[in-house]
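Next come two complexes built around chain A: one with chain B, the other with chain C.
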Partner chain A sequence: MKKLEGIIQPFKLQEVLDALKATGVDGLTVSEVKGHGRQKGHKEVYRGMEYNVDFLPKTKIELVAAEGRVDEILATLLKAARTGQIGDGKIFIYEVVDAIRIRNGDRGEAAL
Partner chain B sequence: MISENRCRMLRLSSFCVLLAGVAQADPATDAKIAGLETAVKAAQSAGDNAWMMTSAALVLMMTGPGLALFYGGLVRKKNILGTMMQSFMMMAMITVLWGLFGYSLAFGEGSAFLGDLRYMFLEGVGSAPNPDYAGTIPQQTFMVYQLMFAIITPGLITGAFAERMKFSGMALFLLLWTVFVYFPMAHMVWGKGGLLNAFLGGKFPCFDFAGGTVVHITSGVSALVCALYLGKRVGFPEGMKPHSLTLSFIGACLLWVGWFGFNAGSALGASGLATSAFVATHFAAAAAALGWMGAEWIGNGKPSALGGISGAVAGLVAITPASGFVKPMPALFIGFLAGLVCYFMVAVVKQKFGYDDSLDAFGVHGAGGTLGAILTGVFATNAVNDTLKDAAGKPVALGLVDGNGAQVMNQIIGCGIAWGLAIVGTLVILKVVDMTVGLRMTKEAETQGMDLSLHGEEGYILES
Partner chain C sequence: MRRIDAIISPAQLEAVRESLIAVGFEGLTVTEVFRPGSEAGPQPCYRGQPTSSGLLRRTKIEIVVRDDEADDAIRIISDAARVGSDQGGDIFVYQLSETYRIRNQQRDEAAI
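Moving on to the complex of A and B:
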């Protein structure tokens, strides 16, 4: 089992969700986050007062995939989230030790 | 305005006289004519009263929700209720004050500087008109209309000390300010026998149709004094971004609409002059929005929503004293210039001196009000307002464009008195309140935010 954690452009979320659903992913977690990489922040001006905004809004997608499906899901995620511009985000992949379904105590890939 | 109404009445009654002449004094016809005259008067009175009650409601709408939303959106989200409460408190507190003795101090005859107590507890203020002020509407309508001005004026000042004043200190300060600064100023400019009243025997006739000196200079200049006296907010200038320009946008647009009651209502009747003021008001607001946005576009590379709405408000401020005296094209010019000047005041002058006039009450109302008051002396014309007549019954020259250059000086005197009264009055009152109940919130309370620390509430509870 591997965990895929993608930090993507918020406006790409729907496209990514649709693509993942089409490949048969039926569980994931989404959160609104802020951060920056090479894209850096931007400047805002309110009545002449300048503010530098260092952190930009991003969307974080987290999902855990069974070993045999990791490559396919990763490829789908990459394709759907990419615009080719700076700011597209990153994907991190982690080993997952175990998974438990709280409702009935299923363990491992059966819990996904 | 009064004269226009009288004119209409005159035309109608001369028509009646003509009828009477034809009818050769038949008692039955006489009675009919008398009945007709009464009916005509009643009809005009009904029309004027309908517009003036509408205007009064529009001006109240400028404070709540207009100003409350405009200012509320400009502060940080922990202070939205505290900020809105300041405007709302004026709606409650000044109303009581006005009924008890405020109206009397502003509009009782009294001296050149302050009214007397003849209308205390609104004694004698009923459905009969007061011909000195507005001969076709109940004095009670006039009274309640003027009340709405007394509410919004201290409300405007709150923009300068936003996010850092105690509720008790704010309430006491603005109560005393209304008594010792607003009432005298309103009396001097609009009260019978007031020092600056151009229409009712003032020594220095100053044209202020809807409150350039009375409302905007007094509030704007007092705002600057407050900002300097109270000092900057904790953490200023970092992290002071407005939390919701969406709310500010709605508030500013409500102000724009409400301003028709403010300016066109100041004609005190549903007359041609009211229309003229309505048009001037609208044109100035539009031109000022373009002026501010244009300056920003050139200066920063982007025209902003906040710039657009701030510009519109600046234009509305500047046209306020001029609205019942100028033609539409000068109104456009006054508005456009106000957009540029007020932008310069908040984006350049304020940044340079570094004072924390948090929501730019001085930059917009003080500067825009002064600009408008002086330009009124330039562009006022009897082609728009022929209320003032010479001995031969001809309309007198009003402003520079009519050939009366001296009026500019009168306007400057009016501005000077408003500035002086605002500075001295505000300083003294601030000192008194500071020494008694105190002005500033503690640092901890300010950091926590007004909503929680002053009111025990939160403006946004999104998880509930």
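Moving on to the complex of A and C:
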């Protein structure tokens, strides 16, 4: 099992959710996060004064997939979240040691 | 690659961020979280009754670094997060298997 974690542009969320649903992903977690990459935020001008916006709003999507589905889901995420502009975000992939369904104690891939 | 999660006091966020940027760790993700704990000072009250869930507002910082940079990053975060009586919170380190930049599909260490 692997965990895929995508930090994406908030306005791409719906498109990504639709694309994931179409590939048969039905469980995921979304959180609102803030952050920045190499550009370290950007400058904004308000009433003639320049302000640094350090933390940009981003959306984090987390999902755990069985080994055989990872490549397909990754390709879907990369395609749906992409605009080609700076700020598109990143995808991180982790090895998951175990998963447990709290309701009935299912373990491993049965719990996904 | 390693992902480092640090749960720190919200007041130390700016200090931690600046010390990370100063040594070249330029990207980070920030989430508001709650942790069990107690704090000196006024306790929250509602209609005269002390109301406390026993949870304190904390800030979670996530950064991704190369394996050989992890020790530096951990030291920098702990130095900047520890102030006065504040013990500085916790740091968790995960092994990361893959990283993708969504914009142009750069991979792994090129995508950090």
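By definition in this document, the second predicted complex is superposed on the first by the 104 of 112 C-alpha atoms of A that agree within 3 Å, B and C clash if a C-alpha of one lies under 4 Å from a C-alpha of the other, contacts with A are read in each partner's own complex, and residues count from 1 in each chain.
Definition applied: a contact is a pair of C-beta atoms (placed from the backbone, for glycine too) under 8 Å apart; a residue touches a chain by one contact, two chains touch by 3 or more.
Model, not experiment: these values are computed from the prediction.
*Asks:* In the overlaid three-chain picture, which partner chain does A:Ile93 touch, first (chain B) or second (chain C), both, or neither?
*Replies:* second
*Asks:* Report for A:Asp54: first if it touches chain B alone, second if chain C alone, otherwise both or neither.
*Replies:* A:Asp54: touches chain C, not chain B.
*Asks:* With both structures fitted on chain A, tell me whether chain B or chain C touches more of chain A's residues.
*Replies:* Counting residues of chain A touched by each partner, the higher count goes to C.
*Asks:* Given the touch rule stated above, what does A:Glu44 touch, chain B (first), chain C (second), both, or neither?
*Replies:* A:Glu44 contacts chain B only, not chain C.
*Asks:* What residues on chain A does chain C touch that chain B touches too?
*Replies:* none
*Asks:* What part of chain A is in contact with chain B in the complex they form?
*Replies:* 44-49, 51
*Asks:* Which of the residues in chain C end up touching chain A in this complex?
*Replies:* 3, 17, 21, 26-31, 62, 64, 94-105, 111
*Asks:* Note which residues of chain B are touching chain A in the complex, please.
*Replies:* 237, 239-242, 296, 300, 302, 304, 306-307, 310, 343, 346-348, 350-351, 360
*Asks:* Show which residues of chain A lie in contact with chain C when the two form their complex.
*Replies:* 2, 6-8, 31, 33-38, 40, 54-55, 58, 60, 74, 77-78, 81-95
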